[in-house]
Structures are given as structure tokens and as C-alpha cells.
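By letter and in written order, the chains are A, B and C; residue numbering begins at 1 in each of them.
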Amino acid sequence: MESDGPEVRRPFRPGAPWRLGVLAEHVGAELDGDPEVVVDHVAALDSAGDGALVFLHDRRMCAALQETGAAAVVLRREERNRTTLPALVTDHPQLIFARAAGLIHAEPRPDDGVHPAAWVADGADLGEGVIVAPGAVVEPGARLGARVWVQSGAVIQAGAEIGEDTVIESGAVIGWGCRLGRRCRVEPGAVIGGTGFGFAKDGEAWVRIPQLGRVVLGDDVEVGANAAIDRATLGETVLEDGVKIDNLVHIAHNCRIGVHSAVAGQVGFAGSTYLGPGCTVGGQAGFADHLEIVGGCHFTGRAMVTGSIDTPGVYSSGLPATPNRRWRKSVARVQQLDEMARRLRALEQEIEALRGGAPGGTTEDGE
Amino acid sequence: MESDGPEVRRPFRPGAPWRLGVLAEHVGAELDGDPEVVVDHVAALDSAGDGALVFLHDRRMCAALQETGAAAVVLRREERNRTTLPALVTDHPQLIFARAAGLIHAEPRPDDGVHPAAWVADGADLGEGVIVAPGAVVEPGARLGARVWVQSGAVIQAGAEIGEDTVIESGAVIGWGCRLGRRCRVEPGAVIGGTGFGFAKDGEAWVRIPQLGRVVLGDDVEVGANAAIDRATLGETVLEDGVKIDNLVHIAHNCRIGVHSAVAGQVGFAGSTYLGPGCTVGGQAGFADHLEIVGGCHFTGRAMVTGSIDTPGVYSSGLPATPNRRWRKSVARVQQLDEMARRLRALEQEIEALRGGAPGGTTEDGE
Amino acid sequence: MESDGPEVRRPFRPGAPWRLGVLAEHVGAELDGDPEVVVDHVAALDSAGDGALVFLHDRRMCAALQETGAAAVVLRREERNRTTLPALVTDHPQLIFARAAGLIHAEPRPDDGVHPAAWVADGADLGEGVIVAPGAVVEPGARLGARVWVQSGAVIQAGAEIGEDTVIESGAVIGWGCRLGRRCRVEPGAVIGGTGFGFAKDGEAWVRIPQLGRVVLGDDVEVGANAAIDRATLGETVLEDGVKIDNLVHIAHNCRIGVHSAVAGQVGFAGSTYLGPGCTVGGQAGFADHLEIVGGCHFTGRAMVTGSIDTPGVYSSGLPATPNRRWRKSVARVQQLDEMARRLRALEQEIEALRGGAPGGTTEDGE
């Protein structure tokens, strides 16, 4: 039942051969071993074979390292004595492995140009090396920087601007007038620039407050599958440089997500909330509207954030799942908490009375 | 780091010039000032310049009002003395501003007709002024009322009916046989009429219960980006007139959402639940199946609704995020609550014993 | 306000006539009544008319059974005496009804073949009876088994393999290299094979860890509208045979969902979590990463699962919504729990002191 069992020996995407000496230079690691050794794919330590580059991420994997069939390994300096395999030695093995995997398994691209089965408006402005795949649509006034890749079935609405080397994956929609930086990646089905959820009451009914702003993504931003980032009412909803957004995340109008913050799946931000730089947010967390969250905060999964935060740290909420019978009891007891507190107070007073205020007695008064 | 800082002076969507006298008449406000003054866009109070119409939504903004470069302002009667700017005076400034913004910044439409890069089945029935954009698909038997706009990449499945002036945005899918009213708006990627999640057990396996009904939207309904509204098993899943649904909301088979109710992002409704009219639901709230919720209920974000409700009011649940160390302690204590309650009871009995049932004593008995 | 009121007499999808004797044989039920009676649609008991097959799912419906206009009924043996209607008698009425509805209301299919308004790459391999609808895209190297149906606007990326009789609904995206079994159903807008959310820290910034694996679906798997299933980093993200996934579910890289497990709307799984066979998961539940959940677990809606589970059973968490005033009080009290526990302990010690350790006294010590 292991997902990465020994029978899966290679990643699905093929790799290209790299000599270890050249690779070490490109990824910024120190080589210890034969520079002529060739690796042509990355693999998990316990299922690696000929030509595999592996990664020692955990001391507990040292046993597997003895038996691996890998050609080379990425490891920390202090683990170098664990193996005689050629090694890329580094203080940041995960980072070096990520870079190496990106080089060895570079993403294949179809031929440049607008496919005959795509549709691109006359007024659209396409940089050199742009790819527009079958079934994709680029509306009037859109501007695509060099090497932008619009995958099958994606839609770039009127007047949107997309920076160099950005990839818009299948079925994603970039709304009118939105602006994306360079090297961004918008995954399948994501919507950048939906209409913000803003209405004014007209008696019992709701009247839309026109959402006239846009969404702006910095450079190196990634947005996950079927995520939804709403345009601003006025001005801009902003994801700053390097922000990473996972699948099915909801970001409402006028939010701003600070540089290099990372937001996991199904998180939601209500309108006009600001998340500072360098934050991480666990899955299914939720933020109320108009909050100011200082940089360097970390929210565990399902955290329910209802107030602004001015102190960096780790924040959490929610009660973990327990057997249903016990959970029912806890729910009932929480409902009784107010009454329990009053009974506790009454007891304290009675004891005070019983003691007759004797000098030896002390009471805590926490209320 | 402000999203609407002074450098953003105009909304992205251009506006058209309106004389204030004419505008006042169209939006239903009283004009106090020169009717010949022209406004050609709306703006935020603190970044407004020539030609801007602004909106005083908050008394704290009165200082900004002194310095604004705006041409005119929407405000309440009791704030009229705060400025000598020409004003649209009203008891409902947000509503008047919403109407004015909608007039000044009317949505641009492409030319009418079926684009050559769209596909419309022979058997489909299109009213006058219908737009079908590149990459959109309209399947056999679909009926589109006058001025319906099917944006790029949207799909109208077989036999769906769409009322006049409704807009189906890019990549949205309207399922077979579903019926939408007039002036609805379905945002990018939303799915109206997915298959309900209904299965019967066959030993260990599940057999699909065919989902044979449809989804019906009243007039003026809006459905957010990547939301999913399932068709009924039999009969109809219904969103009544004026219902507003935000991004990534899940509405299961056979639910019914009452007239003018508004549901924020990532809320979920399990099957056959009825939400009465005029309710509001905060983000990430969840409703169990087969509930009956009376009209006029308001649920704060993340509310977990497990039972029917017959009294209008505000309902809430969930514990707000706290620093992780404190949260861990609270979680542990909640697990001990049952034991604490028993210890409290024991103490009460002991005190009763110590007092020997003295007539001066009183006890509260809450259990 | 009932969604299935008497005015809705027939399901939207038309049915075909079946003689009851033939139908009984096909669904595996015992016939008690005239085998020549014809049914041509299924209906709800309280709104059924001529030609309807109904289903007695609940003893409370027996009154409605007396008055129904249905032609025949599916019921349990022990309810046979409740009606003289022709009946399909069974120990599993819901299952028999599901099968019968599937036969009577078989899904209509358009003509086989690649529609001229679709695009299929030269290198793609299509089995007999495949349908590719207008606006759909099949990229190079994709392999579609016999009778696969790719609906309007769906995208099959390069090298994906799809088993016989599987349906990919409108706007769904099957990512490069993913493999789907037979008789699967991917609902509109679902994304199979988005990029996993994996990054390595590079100073303040994040560097993508290439996601080189794929998603594998067994046979008879269903994935709901706008759900997102990420490909593995290496190896495979797996949904085993018979798994049912509802709308807007998020399944991160390298998860594995066991055979016949069913997951309701908006549930999220963080990376590398294993859910055993035969589990059910209520809506909006969430699972942390790297968990091992034994088969036969049932999670109620909104359960927050933070640890592995080795004992089958029912698990729950979360506090149900209460009136806001009471909720605020409970939240405050939970924050005071630690202090309350300390005060309780102090009281116990004081009473011990007051009693002078009398032999008749007993204390519970729960800490």
C-alpha cells in the first residue's frame, strides 16, 4: 500500500543525462567523487537503480543508503561518511536536490507559436517564443511576454498582461486586465480575477458593487489547481513576488499576500486582509476580513484567524478528531463550561466561609 | 503595503462621463450642488482625483474628505456639513454608490453573434443579441434568451435553458437540462449541474444512484468562481431569486437556498438542506444534510451547522486561533473536561458533608 | 419550499419502458406481481404517477404508499404486506432501486467519433466507439480505451491513459501521464494531475521541487466537480478501485485512498497520507500529512484528523454552531480552562486540609 514502493523505480517524466561534475556546478554543491559519473533521473532512496540521483533527507534513511543502487547522492557534510557513493555535499540537501531534479527533468515544451486549433485575437500582443496550445483563447488587447505558454483550453481575457516565461495551464482563466509577473505558474482550472463578492443592500435584495480593480501577481508566483483569486473592488488584489498558493484556495477582493508567503490547500481569505511576508499557512485555515497579519507568522492547518496579529509566531486552533463517543461528551461539557465556572466560584466562597478567613488560608482568584 | 494606496488613482475598467444632475436622477439620490459637474469614474476617498465620484462610508474618513481631489461625493444627510463638494445625498450611501459605479463603469461587451471560433449545435435556440465567444460550446437543445453572453471557453450542455441577460463567464459549465433565470451571472470555472454524490452499498462497493434531476436558478442569481452546484437526484436543486453565492461554494443535490440569501466563499451544504430567505453565511461554514434553517439566520465564518434551526438570529462556532503553546494546553484541557466536571461534583458533595447540612448554607446544583 | 414537491412528477432525464419481469431479472430482485406491468421512469413516492417505479426507503413513508399513483414499488420483504402494488422484493431496496434507475434512465450518448470542432493530436490512440466532443482537446501520446467519452471543453494532456467506458466531463483536465481505469467518471472542472505543492527553502524564497510522478485511478472511481488531485513528487498518487470523491475535494501529492472509500465535498488531504479501504469521510474534514488511517474508519463532517489511526471506528471533532452570545461565552471559558483546572486542584487541597485527612474521606485525583 506504499505509494512509492520499490516497484516504482523511475519518475514518470523522463530525465536527461548529466555528468556529476557539471551538475554540481549548476546546482551550487560541492562534488565529492568522480565527476564523470552520469545521472539521468532522480529517485527515492529505497527504490533507486542505475543512473539515479537520490537525496538523504533523514538520518533514519541511512540504512537504505547502504543498500541503494543509486549512482550518486545529495547529502549533508556531516553524513558524508555514511556512504562511498559519489556525493553532492551541501548544507541544504533538499534545495540542491530540487535544483538538480529541475535540471535533469526539464519540462518538455511543444513547438512555439499559435496552434491552428487555438484562437488569438488580432489585437493581442505576443512576445517571441510564445506557445498557444489547441483550444486556448487569447482575447483582444492581451499581452504575452516572451516564452509565455498558454496550455490547451486556457483563456486569457481582454487586456490581461502576462510576464516572460509564465505558464498558464489547461483550463485556467486569467481575467480581464489582470497582470502576472515573470516565471509564474497558474495551474489547471485556477481563476485569476473573478468578480469580488461585494453587494449593497437594497431593501431585501442585493445590488452588486461593481468590481473594477484587478489582480496583480509578482514574479515567481504559483497558483494551484482550481484556486480562485478575486479582483479588487477598486485598485488591486496582490500576490507579491515568490508567493505560493496551493489548490482550491480562495482569496477575496483587495487582499494582499506578502512576498514569499506560502498558503496550503483550501485556505480562505476574506476581503482586504493583509498577510505579511514570509508567512506559512496550513491547509483549510481561514482568515476574516480586514485583518493585518505581521510577517513571519505560521498558521497550522484549520487555524481560524479572526483578529489582526502583530507578533510573529505559530498560531493554531481547532480540536483534533477523537472517537465519536468521547467527542460528544466534550461538546456537551463545553456547553456547560459557563455553569462549571460559576459552581467553581461558589465552592471557593463556601470554603472561604468554612475556614472563617483563617490567616493560614490562601485563595487564588482568577476571575 | 496598502492595496489601495494613493498611487492607484483610477479603477482598471474605464468609466464614461456623467453629469451629476442626470446621475442623481438615475440612482435615486438627492443632488446638493451643481448639476453640470461631470464625474467619469469612481475612486477611493484617499486617492481620488479629477472627475472622481467618492463615497463617505465611515465617519472616520471625514478628515480624508477635507483633502480629497474628488469631483463629488455620496454621503448621508447628517454628514452633508462635512464638505462643500457637490454631493449625492441619501440614507443609503453604499447602495447609491453601487448604482452609480454600475452606470459610470458599464461592462463592455464584444459584438453580438456566434464567433466563428465558437461551436453552437444546429438544434440550439439563440435569442436576439446573444454572444457566443471563441472556444465556447453550446450543445444541442440548449436555449439562450436575448442578450445572453457565453464567454470564451464556457460550455452550455444539452438542453440547458438560460434566461435573458444572463452571463456565463469563461470556463463555466452549465449542465444538461439546468435552467437559469434572467440577469444571472456564473463566474469562471463554476459548475452548475454536476452529478449529485449519491450511492447505494453493494457489499463493499458503491453503486451510483442516478442523479436525474436538475439545478434551477431564479433571476438575479450570482455564482462565484469554481463553485459547484449539484443537480438533484429527482426534482430540483434550487437557488431562488437574488441568491448570491461566492467562490468555491459546494451545494449538494436537492438543496434549496432561499430568496436573497448570500453565501460567502468555501461554504458547503450537504444534501437536501433548506436555507431560508434572507440568510447570510460567512466563509467556510458548513451545513449537514436534511436541515431546515428558518429565514433571517446569520452564520459567522466557519460555523458548523449540525441541526435544524427555527429561530432567526446569529449563530457561530469554532475556536479562534491562539498562540500554538496555549492552543495545545486548551486542547488537552478540553479532553479533561469530563473528569473536571466529576471532580467538581465530588468537591461539592464533600463540602456539603463538611458543613453538615447547616441551614445557613446554599448550594447551586447545575447538573 | 420543498424541493421535491408534488408538482415535480418526473425526473428531468427521460426513461425507457421496461416490463417488470425483465427488470426484476436484470436488477436481481424477486418479483411479486404481474411481470407484464410496464414502468418507464423512477419517481419519489409522494409525487409518483403512471408508469413510475418508486422505492419504500423508510417505514414512515407507508402512508404515502397507500395513496401513491405509482405502477410498482421496490421494498423489503417485511414491508410486502403494506401494499398490493406489484413489487420488486429485496433485502437491499436502495441498491435495487439504484440499479433499476440506471437501466430505465440510461445516459444518452452523442454519436461516436471525433467531432470536427474537437482537436485530437495525430499521435493519440483512440479505441473503438470513443467520443470526443466539440471544444475538447486530446494531446499527443494520449490513449483512450474503447467507448471513452471526452465531453465538450475537456482536456486530455500528453501521454495520459484512460480506460474503457470512462467519461471525462466538460472542462475537466487529465494531466500529462496520468492513468485512469475503466468505468471512471471525472466530473466537470475536476483536475487530475495538478502539480504537487512541494518547495525547498532557498534563503527567504521557495524553489519548486519538480513533481515528476503521476495520478493513478483504479476502476470505477468517481471524482466530483472542481476537485483537485495532485500528481506525486515521485511515484504515484493513487485512488484505488471503487473510490468515490465528491466536489471540491483536495488530495495532495503521494496520497493513497483505499478501495471503496468515499469522501464527501470539500475534504482535504495533505501530502502522503494513506486512507485505508472502506472508509467514509464527511464534508469539510481535513487530514494532516503522512498519516496512516486504518480501513473501516468513518469521519463525521469537519473532522480534523491530525494523527494516524489504527483502530476502526467513528471519529469526530468540532463544536456545533450555537447562538452567537452563548458561543462567545464558551470561547472565553475555553481560554480560561487551564486556570479553572488549577483552581479546582487548589480547592481539592484546601478541603483535604480542612478535613484533616479524616479516614472517612476519599478524593479523586485525576491529574
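In this text, a contact is a pair of C-beta atoms (placed from the backbone, for glycine too) under 8 Å apart; a residue touches a chain by one contact, two chains touch by 3 or more.
Being a predicted model, the structure only gives us computed values, none of them experimental.
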Query - Lowest number of touching-chain links that must be crossed from chain A to chain C - result: 1
Query raised in the report: In terms of residue numbering, is the interface formed by chain B and chain C classified as same (over half shared) or different (under half shared)?
Result: different
Report summary line: dist(centroid_CA(chain B), centroid_CA(chain C)) in Å evaluates to 25
Query - Two or more partner chains touched - positions in chain B - result: 135, 153, 171, 189, 226, 248, 266, 284, 318-320, 322, 334, 337, 340, 344, 347, 351, 354
Report task. Could you please specify the touching residues of chain C with respect to chain A in the complex? Result -> 119, 135-137, 139, 153-155, 157-158, 171, 173, 175-177, 189, 191, 194-195, 197, 199-202, 204-210, 212-214, 226-228, 230-232, 234-238, 248, 250, 252, 254-256, 258, 266, 268, 270, 272, 274, 284-286, 288, 299-300, 303-307, 313-320, 322, 326, 329-330, 333-334, 336-337, 339-340, 342-344, 346-347, 350-351, 354
Query - Touching residues on chain A, where the partner in the complex is chain C - result: 1, 3-5, 8, 11-13, 42-44, 47, 92, 94-95, 97-99, 101-102, 105, 108, 117, 133-135, 151-153, 169-171, 185, 187-189, 220, 222, 224-226, 242, 244, 246-248, 259-260, 262, 264-266, 277-278, 283-284, 301-302, 318-324, 327-328, 331, 334-335, 337-338, 340-341, 344, 347-348, 351, 354-355, 361, 363-364, 366
